[in-house]
Amino acid sequence: MKLLYAANLLFMCGGFLALWTRRENFLAGLAGCLGVLSGCICLLVPVAGIFFGSAGPVSSKMLPFSFDLLSAIFLLPVVMVAIPAALFSPCYLKGHDTNGKGGVYWFFFNMTLASMTLVTLTPNPLFFLVAWEMMGLMSFALVAFEYKSAETMRAARTYLYACHAGAAFLILLIVLLDGDPLTGIMGLTVFFLGLAGFGLKIGLFPLHVWLPEAHPAAPAPVSALMSGAMLNLGFYGLMRLVIQPSGPLEVYGWCFLTLGAIGALGGILFAAGQDNLKRLLAYSSIENMGVIALGLGLGFLGGADDDVIIASLGFSGAILHLFNHAVLKGGLFLCAGSVYKAADTLRMDRLGGLLKRMPWTGTLFTLFSLSISALPPFNGFLGEFLIYLAAFTGIVTATGPMFAASLFCILVLALTGGIAAGVFVKAVSAVFLGEPRSPEAADAKSEKPGMVIPIGIFAILCLAIALWSPAICQNASPLIRYFTDLPPEDINSQLITISGYLNKIGILSCAALVLFGLAALFRAFLSRGREERTEGTWDCGYAAPDARMEYTGSAFVQPTVDFFSFLLHSVKRVRKPEKLFPEEASLEVETPDGAGRFLWDPLFRLTGKISDKVRILQSGYLHLYILVMIVALILMLVWGFAFHPETSVPGTSEDNGYLEVQTAQAGGDRS
Amino acid sequence: MTQGSFLFADFPIIAALILLPLLAGLMAFCARGRHRLVRFTLLLGAVTHTLLTGMLFFAGKDQDPIYKVTSQWLAFDDVGGIFLALTSLLFLAVAIHTVFWLPPEEKVSSRHDPSGAPLMRDHTFSACLLAFLSMMTLVLASRNFGLLWVAVEATTLASAPLICFHKGAHSLEAMWKYLLICSVGIALALFGTLLLTLAAQNLPSSSLGMDSLSFHMERLHPGWFKAAFIFILAGYGTKMGLAPFHTWLPDAHSEAPGTVSALLSGSLLNCSFVAIYRFLNLSPSALRPFCDGLMLVLGLISLAVAAFFIIRQTDYKRMLAYSSVEHMGIAAIFLGLGMGSEPLAILHLCGHSFIKVALFLVAGNILMAYGTRSISEVGGMLGTVPRNTVLWLIGLMLIGGMPPSPLFVTEFLLVSSAPLWLGVTVLVLLFAVFCGMVSGFLKMAMGKGGVLKTTDFSARQAERLWFIPALLLLTALLAGSYLLFSYELMNFWMKS
Amino acid sequence: MSQSQSVWIICFLLSLVLCPLFPAVINRTKAFFAGRHGPRYLQVYYDIFKLLRKGSVYSRTATDVLRLAPMAVLGALLTAALLFPFGMTESPLAFCGDFILFFYLLGLARVMLVLGALDTGSSFEGMGSSREMQFSAFAEAVIFCILAFLVLLTGRLHLTGVLNGFDVGAWIVSGTSMLFVAGAFFLVMLTEACRVPFDDPETHLELTMIHEAMILDYGGPDLGIILYSSYLKLWMLASFFVMLVLPVSSGDILSNVLAYFSGMMLTAVGIGVLESIMARFRFLKIPQLLIGAFCIALAGIILMLVFDGGVQ
Amino acid sequence: MTGFPEIILAAILATDLILVSASRLLHCIRIVAIQGFLLGILPLVLWQWDESLPHAELLVVSAVNIAVKCFLLPYLLRRTMHSANVKRELEPLVGYSISLLILLCGMVCAFIFGSNLPVTNFSVSPLVSPVAFTTMGAGILMIVGRRKAITQVIGFLVFENGIGIFGAGMMLQYGLIVELGILLDVFVLVFIMGIAVFRISREFDHIDSDRLNRLGDFPAEVTPRTGDDK
C-alpha cells in the first residue's frame, strides 16, 4: 500500500517539477521521465508481488483505497506501456517543446498516470468517479497537445464530450448504486448504464467515435498509453462497479458477446478503409477490445451454465489478449510516432520504402503487425487461441443458445482474423516496403536510437508475455471464482490444462523457428559459390517502372472495402483519365466513421437546428420581451389558481373571483 | 434555517456598511479628474466594507434589546450574512482588478478603434460601483419587504449606468433594456408586496416586517399569498434571471465591461435570489408544495433555455451570461426540491459566484486583448495569451462541473437527491450546456492564432491582469476539493 | 510411442517426398484430356533441383523481406505438417485446438509470401497479393465453419481426432451434411491452393494471376523452395479432403495408409479433370462463390443439428 | 356610488382612456401629471373624515406623491422631450382605436371581476380594484404598443400609478420610509431613463425602441457546420 501511495506521490512530484522547470526542456524532460520511471518501479513491486507471487489483497483503513488482483491485472499493462512511452517521449518531443510545452506535456503525462493508478486503486464509487474524470481531463490535455491544428481541436472536443457523457452516465450509475442491493430490472438498468458509461471509454462500437479522432491527434506516446492502457480501464470499471457476482450472468454474457462481435468486425472493417496510419491503429484497437469482450462474453456464458472449461478458457483468453494488445498496440503506436517524426506524414499513400532508412523500426513494426493479426509464432496468437478454444468447446459440449453463441463467436473471430491480416499487411507494405511514394518519404530522416530502444523494450515485453502466459492465465482463477459459482478445484485443474496447451504452442513455435533456421541454413548452403545479382523489379516488359505505378495501400484493400461498401460507405474522390493521352488522373478513398456520420452528427445537427429555432425568443425586440414576461406571469397565475384550487382553502369563491380578475387583465394586455 | 432566528443586528456597523460605500462613492464622484485619488477611494470603500463585514461577524449574534427596533428594519440573518461575506469579498477582488484594469483599458480601447465611443469617466464609474455595493448590502440587510423592494430597485438604478462604460450604441441599448425590463419586473414585485400586505391583513400586526410575518406565517391568507408569491417570483425572478424573465441578462452582461458583468452575475443575481428565498420561506405549509413546484418549473425552463442558447453561441460573453441563467435555474431547482436542500442552493450559488466572477474577469482580459467578442474571430489564444487561456480553460472545467469543482458536488447531490426523471433531465441539459461551452471555448483557445501576436501591446496588457482571477479560481478549486473529499471520506467512514 | 505414431512418421516423410507428385498427376491428367503426352512424373523433381542449383537475382527495391520470405513460408508449412495426421494415423504432437494453430500457420505462410511479394514494389505483385488476402479472408471463415462441423461431428478438439474421429458410418447416418461440408472444403481447397477455377497456375498474363503473380520476382533456389512449399500445402489440403471423404478406419493400419495414398491419387486425377473441363472464373465472382461455400457448410451444420444430417 | 372617491376613480379611468387614445406626446405627459395628482389626493379622499384627522404620515405621503408625480416627473419628461427634440407624434405599433378597444374590453372584464373581488372588507369603494387593474393594463399597453422610448417611460409611470391606486384604495400602508423610498426610486429611475433617452436620440438619431434590436441571438449567424458536430 505504501509503495502505491509512494508511486502516486512520485508521479505528482515529477509532474510538478516538470511544470516548474518548463523553461529548460532538458530539466523538465528529466524530471518528468524520472517521475514516471520511479513511480512505475514503485508500482511494479506490489503488482508483481500480487500477480506472480502470493501476496494477498491489501486495503487501507483510513482512505477508501484497496489493492487486489483485479487492480493488479489492470495496473500491470499501465506500467508496461508507461515506461517505454515515457522513454520514447523526449525524442518525440524534440521540435515540439518550444516555450515550455515540454514541461506541460510531462506534467499532464504524469498526472494521467497518477489518475490511472488511482482509478485502479479505489473501490469507492465516488472516489472512482473523481479519479475517472481526472483521468479523462488529463488525457484530454495530452490529446490537445498540438493545439494549433483544427483537426486536433475537433478531436480534443470530441474526446471531451465523450468523457463528460461517460461521467454523466457514471453519476447516474453511482446514484443508483448508493441504494440497497439492486435486483431485477434495476440491476439491469445499472448494468446498461455502466455499459454505456464505460463503453464510451472502451470504444464499444456505436460509442467509439472519439477513438479514431483522438488517437491520430495525440502525440504517439500518448496514443500508446491511451490505447494500450486506458481503454482497458473501462473493463476494469465494469468488473469493479457494475457486474455483481450474483447478477444475471447470461445477460452480461450476451451483451458482451454481441457488442464484442460488432466491435471486432466493425473495427477491423473500418481499419481497412483508413489511409492514416494512426487512425488504422485506433480502429484496430476497437477491434481488439471487441475480441476481449468476446472472450469475457464466452466466459460469462460458460459461468452461466456451469461450464468450467468454457468459463476458464474465456476469462483467461480475455486477460491474455488484454496484455498482448496493450504491449503490441503500444509498440505499434510508437513505431507510427517515429515514422511520423521521420517523414512527417502519416498518410500511407504517401509513404513507402522506409525499411531501408529505419531498419529496426521497420522490422519491429512488421513483427508487431504479424503478432497483432494473431499469427502463430507470436504472442498475439495465444489470447485468440484460447478464445477460439473456448468457442470450440462450446460447440462440443453446449446445446441451444450456448451452441449458437460459440458458432457465432468462431465465425466472427475467423473473419476478423482474415481481414486483420490483410489490414496489417497493407500497413507494413505501404509504410515500409516498396518504393517511397512521395518526396518527403523519399528523403525521410533515419531513425534515432532514442526511439528504437523503447520500441525494443516492447518487443522484449512481447517475448516475456509469451513465456509467462501460463502464469498470467493462472491469475484468471480468482476472477472466475469471484464472478461465477464454479468449484475452485475444477477451475484450477482446468487452468493447469490450459497452460499445458500454451506450452504445446510454445514448443511448436520453437519448432517453427528451428525449421525456419534450418531452411535458412539450407538456403545459405545452396547459394554458396553461386553468383547473386540485383536488377530492377520485373516489370513485365514495361521499360521504366517508377513509384507512381506502385500499388498503394488503398489499392491493396480496395477489393475488400468495395465488397463491404454497404457498411463502410467510403468516400471516393476520382479524377478519371480524360482525353486520348491522359496526363492527370487520381483516386483518393477515405472512410469516415460510420457511427459518427450516420448517428451522432445528425443528432448534434438536429440539436443545433432546434436551438436556432428557439432563438426567436431573444430576437432583440423589447416589446416582445415584455409581452413574453406578462404572458408568462398570466400563465403562472392561471396555473396557480385553476390547477391548484386545493390550496385556497378558506373561501374558494373569493379566490376564483381573484383569478378571473387576473385573466381579465390578461384580456387587457394581449396587445 | 428559520427566519429571524439568529441575527447579526449590530445597528451601527450595519448602518456603516450601507452608508460608508455611499460616502466613498460621493468622494470618488467629487474627485473627478484625479485618477489616483478616485482609484484609491474605490479601494478604500471596498476594503472598509470587507473590514466592517468582519467586524459584524465578530460582533457576534446578539439579541441585544437595544437593537430590537432597528432589527425590524436592518439585520443579517444567516443567509444574509453568508451572502454579505460573499458579496463583499468578491467586490474587493473586483475592485482590485478594476484598479489595475482601468488604465490599460483606456489605452487599449483607444488603440482598438481610435474613432470609437469614449469611455465613461472613471470617477462616475467608481461612484456607481460603490453605490451598487451599498445597495446590494441594503438588499441583504433589509428585514422589511417594502425596504427590500426599494433596495432591489435601487441596485438596478445604481448598476444601470455601469453597463454603458463604453459609451456606444450597443451598450446604450443594453442599458435601456436592462432598465425597462427590470423596472417592469420590479413593479410586478411591488404589486406582489401589496398583495402580501393584503394577505397579511387579518394578522395582529399588519406590517411588512419579516419577523412578524414569519412568526404568523401560517395565518397568511392563502389565496392572496399565492397571488403575491407569483407576482414576487415574476418580479425578482426578472432580476435573478430566471427564464422567461431573463431577457435583459445576456445583453447587459455582454455589453458591460468584464468587471461589471462579473459583479452583476456574481453578486446581483445572488441578492435577488435572497429576496425570492425570503418569500419562499414565508409560504404557509399548505402552499409550500405549490411554491416549490413553481420554482422547479422555472428552474427547469431556465436550464433548458440556457442550454439551447449556449449551443452554437457566437459571443463568448453572452455564453457566460447564459451559463449564469443556467446556474440560477439550478439554484431554483434546489429551492424547488425543498426539504433541506436550501443550503445546497446557497453553496451552489457561492461556488458559481467565485467561478463566474473569475471567468468574466478573464473574458474582460480577452476582450481587451482581441477587441472582439465573437468566438470565431478569437483563436489560438494558447499561443497569444497563454496565462489567460489557462485560467479560461480551468474556469470552463470548473463551471462545467468537473471534479473537483464545488459545482460538481452540488450537482451530484442534486441528481442523487432528486427523483430519477428530474435527475436524468438535469443531467441531459447540463451535458448540452457543457457541449456548447466546450465547443466555443476550445475554438477560442486552440487553432491557428487570430490576427493577434504575443508581442502586441493589448496582449501584453491583458497578460498582466491574471492575478485576481487565478486567486478566485484557486479558492474555488480548493473549496471544491475540500468539500468533495470531506463528503466522500464522510461517506466512506460511514460505510466502514 | 504407439505403433500408429511410428507409422505417422513414415507417412510424414513419405508425404514430404511425394507431395510434388500431386501436381504432376494433375498435369498428366490435363495433358491426357488435351490429347498431349505431357511431362514425365519426375519432371517436377528435376525442375526443383535445377532451380536449387541456380544463382539468384533480386530486385533493387527489395529488402531482406524478399530473401527471407521463402524460408519463412517453408518453415511455417513444415511446422503445420508436423501437426497433420497423414494417412489416418495419429500425430504425436497433437493437442487440443491444434487445428487452429494449423490453419493459422498456413495463414502465416500466406502472409509471409504476400509481404515478400509487396517488398518488390511491383504493381502486378501488389495486385496478386491483394486478391490473395481478400479471398483468403473469406476462405478462413469457411474453413472454421467446416472445422466447427467436424468438431460437432466427432466431439474431439484436435486435428488427429477430428479427422480420424468418424468413419463411413458418418456418411451413412448424416450423408447430406457430410456432402455439403465436403463440397465446401473442396472449393476452399482450390482457392487456397490457387487452382482453377479460382486461379490458373499455367496462365501467362500477369493481370490474371494470383499466386504466380506474387512470385514473379523470385528465381533460382527461392523459387524452388516456394514451389515445393506450395506443393506441400496442396498436399496437406488434399489429404484433409481425402480423410474427409473416405474415412476408412479398418483396424489394420497398412490398409488405411494404402487407402489414403490411393485416395490422394484419385483426388489429383479429379482436380485434373476439373481443371481441364473448366475455365477460370472472373475475380468478381470468386467472393460470391466462397460465400456460397460458406452457406453450404453452415447448412451442413444446421442439418446436423436438426436431424443428424440425414436425408429423411 | 356617489361620492368623492368614485368621482376621482372615474376621473382616473377617463385619464386612462384618453392616454391610450392620445396621439401627442405632450398630451400624454399632461395626462400622466393629472393622473399623478388624482392618485396623490386619492388617500385623502378615501379617508373617513368623520372619525378624526388623518395622521401626519398620510398627509406627508400624499403631499410628496403629488409633488413628485404631478410636477417633478412630468417636468423631467418634458425636458427630456425638448432636449432630445422628439417629434410630437407617437407613431404607435398598435393603432389608437385598436388599443382603445383593447383597453375597453380589458376595462369591462376588470369591472366584471374586480367588483366581486373579496376586498370589500378593506376597500372603501368597489371601484378601486377595477380602476387599478385598468390603469396597469393601460401602462402595459403603452409600453408594448408604442414605438418611442419615451412613451415607454410614460407607460411605466402609468403602471406604477395603477399599483399605487390599488394600494391607496385598499388603504394599505407600507410605512413612511418605504413610501418615500419608492418615490425616490421612481424619481431616479425616470431621471436616468431621461438621460438614456437623450443619449439614445443622439446615438441613433431616433428614439424608436423597436429599432433598438441590434443585440440578440436571432437570427443566429450560421457557423461552419464542422463546428459543433459530436
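Should a chain be cited, it is by its letter among A, B, C and D, assigned in written order, with residues numbered from 1 in that chain.
In the analysis below, a contact is a pair of C-beta atoms (placed from the backbone, for glycine too) under 8 Å apart; a residue touches a chain by one contact, two chains touch by 3 or more.
Please read all numbers here as calculations on a predicted model, not as lab measurements.
Undergrad: Counting C-beta pairs in contact, pick out the pair of chains that comes out on top.
TA: A-C
Undergrad: Could you pull out the chain whose C-alpha mean position is farthest off from that of subunit B?
TA: Chain C.
Undergrad: Mind checking the centre-to-centre distance between subunit C and subunit D? Centres are C-alpha means, answer in whole Å.
TA: A distance of 99 Å separates the two centres.
Undergrad: Between subunit B and subunit D, what is the separation of their C-alpha centroids in Å?
TA: 30
Undergrad: For subunit A and subunit D, what's the span in angstrom between their mean Cα positions?
TA: 66
Undergrad: Roughly how far is subunit B from subunit C, centre to centre by C-alpha average, rounded to an integer in Å?
TA: 79
Undergrad: Enumerate the residues of subunit C that touch no fewer than two other chains.
TA: Touching at least two other chains: none.
Undergrad: List, in ascending order, every residue of subunit D touching at least 2 other chains.
TA: Residues 118, 136, 143, 152, 209, 212, 214-217, 220, 228 of subunit D touch two or more partner chains.
Undergrad: Out of subunit B, which residues touch more than one other chain, so two or more?
TA: Correct list: 176-177, 180, 184, 223, 250, 309, 311-312, 435, 439, 443.
Undergrad: According to the definition of touch, which chains form touching pairs?
TA: Every touching chain pair, ordered by label, is A-B, A-C, A-D, B-D.
Undergrad: Across the complex, what residues on subunit D touch subunit A?
TA: Where subunit D meets subunit A, its residues are 93-94, 98-99, 102-103, 105-107, 109-110, 112-114, 116-118, 129, 133-134, 136-138, 140-141, 143-145, 152, 209-210, 212-220, 225-226, 228-230.
Undergrad: Using the touch definition from the top, list the residues of subunit D that touch subunit B in their complex.
TA: Per the stated touch rule, the residues are 118-119, 121-122, 136, 143, 149, 152, 156, 159-160, 163, 166-167, 170, 172, 174-175, 177-178, 181-182, 184-185, 188-189, 192-193, 196, 199-200, 203-204, 209, 212, 214-217, 220-221, 223, 227-228.
Undergrad: How about subunit C: which of its residues touch subunit A in the complex?
TA: Its residues touching subunit A are 52-63, 65, 68, 70-72, 74-76, 78-79, 82-83, 93, 95-98, 100-101, 104-105, 107-108, 110-111, 114-115, 118-127, 129-131, 133-134, 136-141, 143-145, 147-148, 151-152, 155-157, 206, 216-217, 220-222, 225, 283, 287, 301, 305.
Undergrad: If you look only at subunit B, which of its residues touch subunit D in the complex?
TA: Against subunit D, subunit B makes touches at 73, 144, 146-147, 149-150, 153-154, 156-157, 160-161, 167-170, 172-177, 179-180, 183-184, 187, 190-191, 193-194, 197-198, 201, 207-208, 223, 250-251, 254-255, 309, 311-314, 318, 376, 435-436, 439, 443.
Undergrad: Hey, which residues of subunit A end up touching subunit C in the complex?
TA: It comes out as residues 352-353, 355-356, 366, 370, 373-377, 381, 385, 388-389, 392-393, 395-396, 403, 406-407, 410-411, 413-415, 417-419, 421-422, 425, 428-429, 433-435, 497, 500-501, 504-505, 507-508, 511-513, 515-520, 523, 526-527, 530-540, 545, 547, 549-551, 555-560, 563.
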